[in-house]
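Per-chain numbering from 1; labels A, B, C and D assigned in written order.
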Amino acid sequence: MKKNNQNTIKTDTLAIEAKGLSKLFGVRRALDGLDLKLPQGAFLSIFGPNGAGKTTLLSILSTLARPTKGKAKVLGFDLNENSDDIRGQIGLISHRSMLYPDLTAEENLLFIARLYGLKDPKGRVDELLDAVELTLRRHDTVRTFSRGMTQRLSIARSLICDPKLIFLDEPYSGLDPHAVDILDGLIAQIRDGRSFVMVSHDLQKGFDLSTHVLMLAKGKEVLFSEKENLDFEAFAQQYRATVGMGVV
Amino acid sequence: MESKSGANEQVVEQANIAHSILKTPSTFSQYKALLAKDIRQEFRTREMLTSMGIYALLVLIIFGVAFSQMPSSYEIMPISGGLIWALIVFTSLLGLNRSFSHEKEEGSLQGILLVPLDRAVIFLSKATSNLLFLAIVELITIPLFYFFFLSSEIVADTLWLAVIPIIVGTVGIAGIGTLLATITMSTRGKDVLLAVLFIPLSYPLLFACVSATSAAIVGDSMMMSNYISSVALAAGYDVVMILVSWLLYDYVVSA
Amino acid sequence: MNENVKVGGILDQLANVALVLGLLLTTASFILTFTIVPVPQSNLNVVPADQPPAEIGGLYVTNALMFSQKIFYFHMPVAVISLGILFFTALFGIMFLIKRDHRWDLNAKVATEVSLVFILMTMATGEFWTAYEWNAWWVWEPRLTTYLILTLLVIGYFILRNAVDDPERRAVFASVFGILAFIDAVVSLLITRIIPSSRHPVITREGGLEPLMVMALVVCIFGMIFLAYGIYRTRIREQRLRIRLDTIKERLED
Amino acid sequence: MDPILQEIYSTVLGGAPFVIGAYALLWVVLLVYILYISLSLKKTEKQMAALEEALREKK
C-alpha cells in the first residue's frame, strides 16, 4: 500500500480502482465481486434496474458504507485505511439536499466550509453563491427556496471543498428545466481535471455526459466499456434487456 | 449565465490549484462550527425549547392533579426530589427525540459524515447542544416546580445543594441520551424505542440523583450522609458512560 | 458469512454432553439441598412476633429463615450466571465491532437470549422468596429493582434488534447497546448497594455458609453453567442452519 | 384439609409452597425455552427437507 502524506494526487493514479467489491445485506448480495478501473478525468455513468447495487456502490466509494469483502482505492487512497484522505477530495450531489432548511443559504455554506476547515470560508462561499446564481437570496432560509434553488445550493455545498472526484446520485430527479440547465452548465465548467461517477435513470443524459459506462444487475457487472466503443441504440437495447431481466 | 461567467471561471481556476483552499482543520473549530449550527437553528425555530417547555408545564399540572387529594401538603417534601427527576426525564426524552430530526430531514448528517472529521466531535457537539437546551428548560421549569409545590413549605437551608445533582444528572442524560438518540433516529418506532432504551440505561444515574436531590431538599442529617456518596456515584456514572459513548459513537453514527 | 456457518462440528457434540451433564448436576444439587444440607441457624433477634421459633433437632429456627432459604441454592446460581452471560454479550459485541464478522453478532444475540431466560428464572425464584420473607410480592428493594432494570435492558435489546431492518446496522446497534447494557447492569448493582434506599434495608444474615451448603451451591452453579452452554450451543446450531437455508434459497432464486 | 395437618405444615414447613413454586417456575421457564428451540429447529429441518425435495425435482 502506498503511503501518500500529501493531499496532492499523482496524475498517473486511477480515480477508482476496485477489486472484488462485495456487499452483503444479510444473505442478499447487493454487490457481488465487482472490479472497476476508472482513469482520472473520466465520467462514469452507472445504469441498472432497481436493486442492482448502484447506490450501494456509490456509498461504498464515497466512504459512507464499508464493503463486506474486497478492496478499493479512490484517488490512490485505500478505502478502509485512509478514508479521511479520500473524504477531503470527494463531493456528493444527491437528490437529497443535505441542507438545513431553517438556516440561510449563506449560513449553510459557511457551516460546511468551516467544517472542512477552508482557509477563506467567506470568500469561497461568495464565489460559490455567485456560481449558482443565489447571491441575491443568500440571507433567505432554505425553507423558502424552490426545489430548483435548493438543488443549486446543494450543488454549491458539495463543491465547497473543491473535490477531485464527484459522485452524483440521480442528481436530475425532481429538477425544473432551469435547474437542469444550471446543473449541466456547472458540470461542464468543472469537468476539467475532475472525475465523475453518476447514477442515473435518465439513459440519454447519462450516456451523453459519460466517457465510461457501467451497467449493473444483481450486484454484478453486465457491461463496462468506454463510450467510444458503444452505439447508443444498441446500448439502450441492452439496457432494456437488463432491466427486464432484473425485475424480480 | 453570461454575466456570471467571470465568477464561474474563477471556480474553474480554483480547481486547477490543487487543494490550496484546504488547510488541516482543528478539531476544536469543527466542534465550534457544529455547535454554532445547532444553536443558531434552535434559536431560529425554537422547536425543541418550546415543545419541551410546554410539555414540562403539562407534567407539572398533572402532578398538581395527582396531589389534589393529599391531606397535608407537608408530605410532598421527601418525594419532591423524585418528582423533579420525573419531570426532567420526561422532558428530556421529548427533546432528545427531536435533536436529530433536522439532521435526518434532508440527509444533512450524511453531508457531515462526508467531511474528514473525527466522529467523536459530532457526539461532543450534539451532547453539548442537548445539554444547553435541557439546561435552559430546567432553568425555567424547576423554579416553577418550587413555586407550585414547595413555596408554602419550610424547606431546608441545604436546598441550594440540589443544584449539584441536577447539573451532574443533566450532563449524564445529555451524554447517554445523545448516543441513544443517534441509534433510535434510524429505527422504526423511534419515539417509543428511545424511552425503552433510555430509562433502564439511566436508572443508576436517576437513583443516585434522586437520593442526592431529596437529601438536599429535606435536609435530614441521616439523608445528608448519603448526599456526598450519591453525587460522587452520579458523577462516576457520567464519566464512565460518556467515555464509553464517546468511544462507541463512531460505529453508531457511521452505521 | 456463509463459509463460517458450520453445523455439526465438535462443539455441537459437546453441547449434548453439556446438556446431559447440566441435568445430572442440577438434579444432584437438588437432592443434596433437600437431604443433607443443614438449615441455617437463625438469628433469634430478628424473629417476628407472630412467628414463634420452632425447635427441630435441637436447633431453634424460625419458619421464615429455615425452609425458604432453600430457594437460595438455585436462585443464586441462576442470578450469577445471567449476569455472567451478559458479560459475553458485551464481549461478543466488542468482537463484532472489531472484526465486522456477523458470526459474532449471532453469538451475541443468542447469548443475550439465554441470559434473558436466566434472568427470568432469577426473577421467578426471587419473587417467591420475597413473597415469603417480606410478605409482599413486590417491593422496591435495590436487588429486586436492579434485576427488573436488567430484565428491561435485555428486553430493550431485542426490541432494538426488531426495529432495525438493515442487518449491518442492526448488528452495530445491538453490539453497542449490549456493551452499554452490561456496564449499566454492573453500575446499577454497585449504586443500589452503596446508596441505601430508605424503605427496605437489605436483610443481612448472621454467619457464613457451612461447607455442605457451599458444596450444594457449587454443584448447582456448575450444573447451570453446563445447561446454559448446552442451550446456547444448540440455539447457535439452529440459527446457523437457518442462515444456511436462507443462503441456499437466495442462490436458487438467481 | 385436616386442620391438625395444616397446623403442622404451617409451623414446620411454612415456606414449602414458596420453595416448590420457585423451583417449579425455574424449570418451567427453562423447559419452555428448550421447547421453543427444538420446535424452531424442527421447522428449519422441515424447510431444509422441502428444499432438497425441490432440488431433486428440478434435476
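Going forward, contacts are C-beta pairs under 8 Å (C-beta built on N, C-alpha and C of every residue); 3 or more make two chains touch, one makes a residue touch a chain.
All values reported here derive from a predicted model rather than from experimental measurement.
Participant: Taking the mean of all protein CA atoms as the centre, name the chain whose own CA mean is closest to it.
Facilitator: If we average C-alpha coordinates per chain, B lands closest to the whole-structure average.
Participant: How many angstrom lie between the CA centroids of chain B and chain C, rounded to a whole number?
Facilitator: So the centre of chain B lies 34 Å away from the centre of chain C.
Participant: Please work out the Cα centroid separation of chain B and chain D, and write it as a whole number of Å.
Facilitator: 45
Participant: Could you please state the distance in Å, as a whole number, between where the Cα atoms of chain C are centred and where those of chain D are centred?
Facilitator: Taking the mean C-alpha position of each chain, the two centres sit 17 Å apart.
Participant: Can you give the whole-Å distance between the Cα centres of chain A and chain C?
Facilitator: From the centre of chain A to the centre of chain C is 51 Å.
Participant: When you check chain D against every other chain, which residues touch at least two of them?
Facilitator: If we look for residues of chain D contacting two or more partner chains, we find none.
Participant: Do you know which chain C residues sit against two or more other chains?
Facilitator: Counting only residues that touch two or more other chains, chain C contributes 168, 249.
Participant: All pairs of touching chains?
Facilitator: Pairs flagged as touching, ordered by label: A-B, A-C, B-C, C-D.
Participant: Name, in rising order, each residue of chain A that touches chain C in their complex.
Facilitator: Residues 24-29, 65-66, 68, 218, 248.
Participant: Considering only the defined contacts, which chain C positions touch chain B in the complex?
Facilitator: Spelled out, the residues of chain C in touch with chain B are 97, 145, 149, 152-153, 155-156, 159-160, 163-165, 168-169, 172-173, 175-177, 179-181, 183-184, 187-188, 190-192, 194-196, 198.
Participant: In their shared complex, at which residues does chain A touch chain B?
Facilitator: Answer in residue numbers: 7-9, 62-64, 83-85, 87-92, 94, 96-103, 107, 111-112, 114-120, 124, 127-128, 130-131, 133, 141, 157, 159, 161-162, 164, 182, 185, 189-190, 192-194.
Participant: Would you mind writing out the residues of chain B in touch with chain C in their complex?
Facilitator: Residues of chain B touching chain C: 176, 179, 183-184, 186-190, 193, 196-197, 199-201, 203-204, 207-208, 211, 223, 226, 229-230, 233, 236-237, 240-241, 244-245, 248, 251-252, 255.
Participant: Quick one: which bits of chain C touch chain A in the complex? Just the residue numbers, please.
Facilitator: 1-2, 100, 166-168, 243, 246-247, 249-250, 253-254
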